[in-house]
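Multiple structures are listed underneath, in structure tokens.
Two complexes come next, and they have one chain in common, subunit A, joined by subunit B in the first and subunit C in the second.
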Partner chain A sequence: MEFGPILRALLRNKLGVILIAVQIAFTMTVIVNAVYIINQRGELMSRPSGTDEDNLFYIRSIGFGQNFNEEVTAADDLARLRQTPGIVDATVINTVPVSNSGSSSAFLLEPGELASSVPSAIYYADHGSLNTMGLELVAGVDFTEADVLIRESSSNANADTVIITQALAEQLFPEGAQAAIGQVVYTPSDQAVRIIGVVRQLQAPWPLWEDIENAAIFPEIVIDGASLYLIRTEPGEQDRLMPMVEEMLGASNEQRILRQLRTMADTREESYRIDSVMTRILSIVIATLVFITAMGIVGLAVFSINRRRRQIGTRRALGATQGSILRHFLVENAIISGMGVIVGAVLTVAFNMFLVQTFNMPRIGWYYIPTGMLALLLVGQLAVIGPSRAASRITPALATRSV
Partner chain B sequence: MFIYYVRLALLSYRRNPILSSLMVLAVAIGIGAYMVIFTLNYFMGGDPIPHKSAQLFHVQLDYGNPSFPDFDPPPQLTYIDTLALLELTSRYPRTASSKFVGVVEPDNPEIRPFSVSGRGNFSDFFTMFDIPFQYGSGWDRSADEGRQQVIVLSRELNEQLFGGIDSVGETVHLHGYNFTVTGVLDNWSPVPKFYDVNNGPFDPIEEAYIPWHLIVDLRMDRAGNTNCWQAPEGDGFQAFLNAECAWIQFWVELQDRTAYEDYLNLINNYAAEQKSFGRLQQPVDKRLFDVNEWMVEQEVLPDETRILSALAAMLLAVCLLNTVGLLLSKFLGKAPEIGVRQALGAHKGSLFIQHVIEAGFIGALGGLLGLGVAALGLEGIKVLMGDLIVSDWMHLNLTVVVVTIVLAVVSTVIAGLYPIWRACNINPAIHLKLQ
Partner chain C sequence: MLKMTHISKVFRTDLVETQALRDISLDVAEGEFITITGPSGCGKTTFLNIAGLLETWTDGQYLLDGEDVSRLSDYQRAKLRNQKIGFIFQSFNLMPDLNLFDNVDVPLRYRGMKAAERKDRIDRALDSVGLLSRKKHLPSQLSGGQQQRVAIARALVGEPRFLLADEPTGNLDSNTAEGVMELLQSINAAGTTIIMVTHDPSLASRSARNIHFLDGYIADTDPNTVVGQLEAVS
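Moving on to the complex of A and B:
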């Protein structure tokens, strides 16, 4: 094959080669890292919260006026909600999973041993919480109504039982969920609580928290001026029930305002919106960059072919086939792109190291690099195929003209 | 001469419309994308109160429990320390501030009670942060210590409650108590919301402002971040107030170096004294941060914009490399014409200027189109972000427009220097022979 002549021809135009190669290297750096960020955000977004998200919605009731009794109202509201056809169950809870707002604390194996404490998100909810959220009990038992403690928000005496997630159980007791049942652990204020159940999964409310799988539910109703009701419906009943529930609660007690009637799905969308925005921006960047680089390659190829029209004609006149002219330009591009993607691989890894160090992101998988290299080689070949075919059609007669 | 060269540039554009348009497009996309990120950084990372940012200081103390591994000192202060700092000196304007939510019951029975976001702060808050008023003003300093039930409304809340009239002296029923209006804010939306970056640095401002002590006195429902590193001793609200729980922000205005040294000294003495009592055991790097230092310390600029900045810079680099390549092709393609001009006596200097103008012309076109790309990009981000952040500020301002055009022209000319140099050094004889 005519590799040598192609290389020697390339060396006559070093700068043009370097320009395209560097351009390809940068393009690869941006594209591969952008794809990696997109995938990483996608993974974050696709983690399940452990709850029956499709059928959950919530509404917040804020009391005002002297006659408002939060405890009585909450009991009344829950009874109404649970009786409503189409509603599977309802619970009064301090916050909604995935909502980015909530409370965290820690559990200790021995009182006072803060150094070995295991951090956990804390949910306060009544005995309907597991059924409402659709949590799956893997060991132990659910709360009963007798477990539920009703307390003022200024009091910090917790209920004496707790249900925790499997991830949290395994961190506290490496032998696993079953071993955690019946164990006594301590809160940071040294109060003893007994683990009565372990659920398969319930995420903490903060999507970016490193201990997101650590969560605990205390059977408590906290009297703090507002009640948040989380409501699970039969599949497909949500749209019908949401306005109905708002109206029903509004009519039952005038001494309050109802706010934040929202679905879990909307909450998830909002909590991860920055990630989906980032994903879209990066997709646009990738498409733009591929387009620009491809156009640049086409532009330069057309130009370099036009400059060499007579030489191409001469080669044709001397017996080169159309195929060999086509091959010349494809191989030429492959050599340039090859250099580009080699430099690109180095730059890609370097940029990824910057991302890893600065933003605490996980390191890029090795397979991204060869895939990116192949993809860009392919883009180069596709970009140059049009101009090359035009070149191969240059007539041999051109060699005899005009010189 | 300039006009002539511009006409030549136009002619040259028309001769190679596809190649030229490709260059303009590349410059436009590169510059446009860069400008979108530039605008985001300009505002989100910019100085929200430039004339005073070096005089306003946020106070941080050495919080934490040494037995908690990896405990970052929280940015806010405890109730006990806040009271102590207020006692420390009143020589300098200062304010504690905390968020709350409350239910407003309008006098007009037609309007249903609704919930508002509020802030407890001192009277100095309004003057320290140069907050504009539509009607009236903040309350007197005496109202702070006198714990008077006075209130300042945002423009929107005044609109909602009083139809936008001058409501100074009117009564607002909030959280079951009557408050007298002393002022109504004018439109004000600092970006970032520098006075409270711990509870959403791009959130809208609060709707109601009351003297800070009333948050405790009237048991308002506190909102915003609360961080405890030791369990309260005992039960009840007073135990919470006495506990190692940080939920209050503290700002002080120190107009010169002397004031700064004086105040820092007071704070340092306080910290040392508390340390001897067994508190404040975890040293912090710094106790007084000015506005810009504080926003850097609290990492107000999101990771996303920082990542995008780096990517946009590389995108711009690719676009410019593209332009260099295409300009090179274009100028070398013009070799016969350059040969003729040189043979007819054109200096290398004037050829140089001609090509600089031609490159600049492409850059300027790219810059103009880039403005469109940037405007479109910002609009797109605004739509995608929705109500997640306040985004009124997200538009091209004069600075950005000027920077865009200048950056486009300058970078295209710089990108074109090598091609221009090559074009000026063409040997005319070869090309004349071919004519």
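Moving on to the complex of A and C:
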């Protein structure tokens, strides 16, 4: 291995080496942090909501006629929906998970103890909500029809039972979900509610909320002029049933209009659109930077080889095999890239510290650094392999040519 | 040592075909010092390249040290060059970014020799050309004559069976050229076979045998006749 002489020769031609090493260092800094952000966004976007999203869609019914009775219409609509072949269940609900719109409140262990309150998203839905959303009950029982309170939106009356998520239960009662069953907790307005069930997961409607796993379902139908029906279908039946449901509900009552016929998948996509766009932009930045860096390495290698054709011929004359020449340039590039990624590792950490302090981002995982270093070294080696192969094919007879 | 029989070399492009060597047959005994002369373009360098396995030939047979080298792969030719042949070039062909020690080290690195043995050989080779004290210097810090001495050290460090020199004094003044020639003669006296291409009749006259090339042929192998002709031309 000619490591020593190659390194010493490189150090005598510092400028080109430093420029490429610096380029590699900056590329690594940007790429590693960008990949980290992409992965973070990816994790964010791929978190399950706890519902059977693939088979859920919803539609909003807005009454306008003078004789329109929302309570009667909702009961009628739910009955029709539940009887429709291909529909597993339906519920009337105030909002849907991941929709970026909904209500929040908090639960207290003792009335008035606001300091110890635990924040939570609030869903109001009828007794079919768990089955409709496909939620898994890990403790307690589901609502019955008798639990459901139908109230005007202006009313302060609330149901006295609630089903909460496991994450919320564990925050209120560290002993776990089972310990929460039968416990009475309080709303900020000191209303007592009894926990009758705990579901494994149900996300709040706001994807970026830090307490996204805290949610509670009250068995209530709120009469406010519009009913949102969340509908769960058998697998593969959604596309067929969506237009059918719209037509069926439209025909059943002409005192209302139907809006927002959408799938949960569409809602998720829209809610995470900014993250998705950012991921794509960062991916383009990464690809562009890698390409530019690879071209820089290729350029330096080609320049260096063209400048040293006679030297390569001389080395071949002195006994270098084609493999020796190939290895020479790969080692040379590995040294340059190695310098670049070492500096890049330092810059990556520094840049991440800046992001942590400025944008309150989490600290980068340690494994990103060696992975980034290896990736950039690999890019460098791949970039230089073509020029190196060309160099290895230089004839040894070039050593004796006068030009 | 070196036996060529009916060697010819044709360079072909899409448009042109150039006959560089025509039916060259030559026998070189171990320990000989042969000079090659001839006008520009007569095939001297092509002959040297073929003798040094730097280039392949079109027809004929070449035995080096009794081994038929006609069908060797590129890899085998490289290994054979490294082990048996030393090269001295007109322009010295030193690596400008390597110091003298690393320059002389180049052929030994390709031999896979251990560091301690390499160092010992390099020091001896540089000492033999009087440049050991300057082994950390770069070639650019040396005169032309000194650079050629480094090139000779590099050619000798692998202890080759024979040495090929392509106009080794071509870029040197007459005094320096004389020093290099004396060095080559002492190397030959120590038993190394040398084939040297030169334009200089006075240098050619100092070899035991001179081979004169004309238009790709060996025109004459009698030293007195050829040197006489060259002196008349010059």
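FYI, the second predicted complex is superposed on the first by the 396 of 403 C-alpha atoms of A that agree within 3 Å, B and C clash if a C-alpha of one lies under 4 Å from a C-alpha of the other, contacts with A are read in each partner's own complex, and residues count from 1 in each chain.
Rule of thumb we're sticking to: a residue touches a chain if its C-beta (ideal position, glycine included) is under 8 Å from a C-beta of that chain, and two chains touch if they have at least 3 such contacts.
Because the structure is predicted, anything quoted here is derived from the model rather than measured.
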Fit-or-clash call for subunit B and subunit C when the two complexes are aligned on subunit A: fit
Partner, of subunit C and subunit B, that touches more residues belonging to subunit A: B
Contacts of A:Ser283 with subunit B and subunit C, given as first, second, both or neither: neither
Which of subunit B and subunit C A:Thr371 touches, first, second, both or neither: neither
First, second, both or neither for A:Gln178, with subunit B first and subunit C second: neither
Contacts of A:Ala34 with subunit B and subunit C, given as first, second, both or neither: first
Which of subunit B and subunit C A:Arg307 touches, first, second, both or neither: first
Nearest-approach distance, in Å, of subunit C Cα atoms to those of subunit B in the combined model: 13
Contact set on subunit B toward subunit A in their complex: 19, 22, 25-26, 29-30, 33, 65, 67-69, 103, 105, 112-115, 175-176, 221, 230-232, 235-237, 239-240, 302-304, 306-308, 310-311, 314-315, 317-319, 321-322, 324-326, 328-330, 332-333, 381, 384-386, 388, 418
In the complex, subunit A residues that touch subunit C: 2, 4-5, 8-10, 12-13, 310-311, 314-324, 395-397, 399-402
Subunit C residues within the subunit A interface of the complex: 45, 48-49, 52, 54-55, 74-75, 78-79, 81-83, 87, 89-91, 93, 95, 97-99, 102, 105-107, 109-111, 138, 154, 158, 166
Contact footprint of subunit B on subunit A as seen in their complex: 15-16, 19-20, 22-23, 26-27, 29-30, 33-34, 37, 62, 64-66, 114-115, 117, 154-157, 187-190, 224-226, 257, 259, 270, 273-274, 276-278, 280-282, 285, 288-289, 292-293, 295-296, 299-300, 302-304, 306-307, 351, 354-355, 358-359
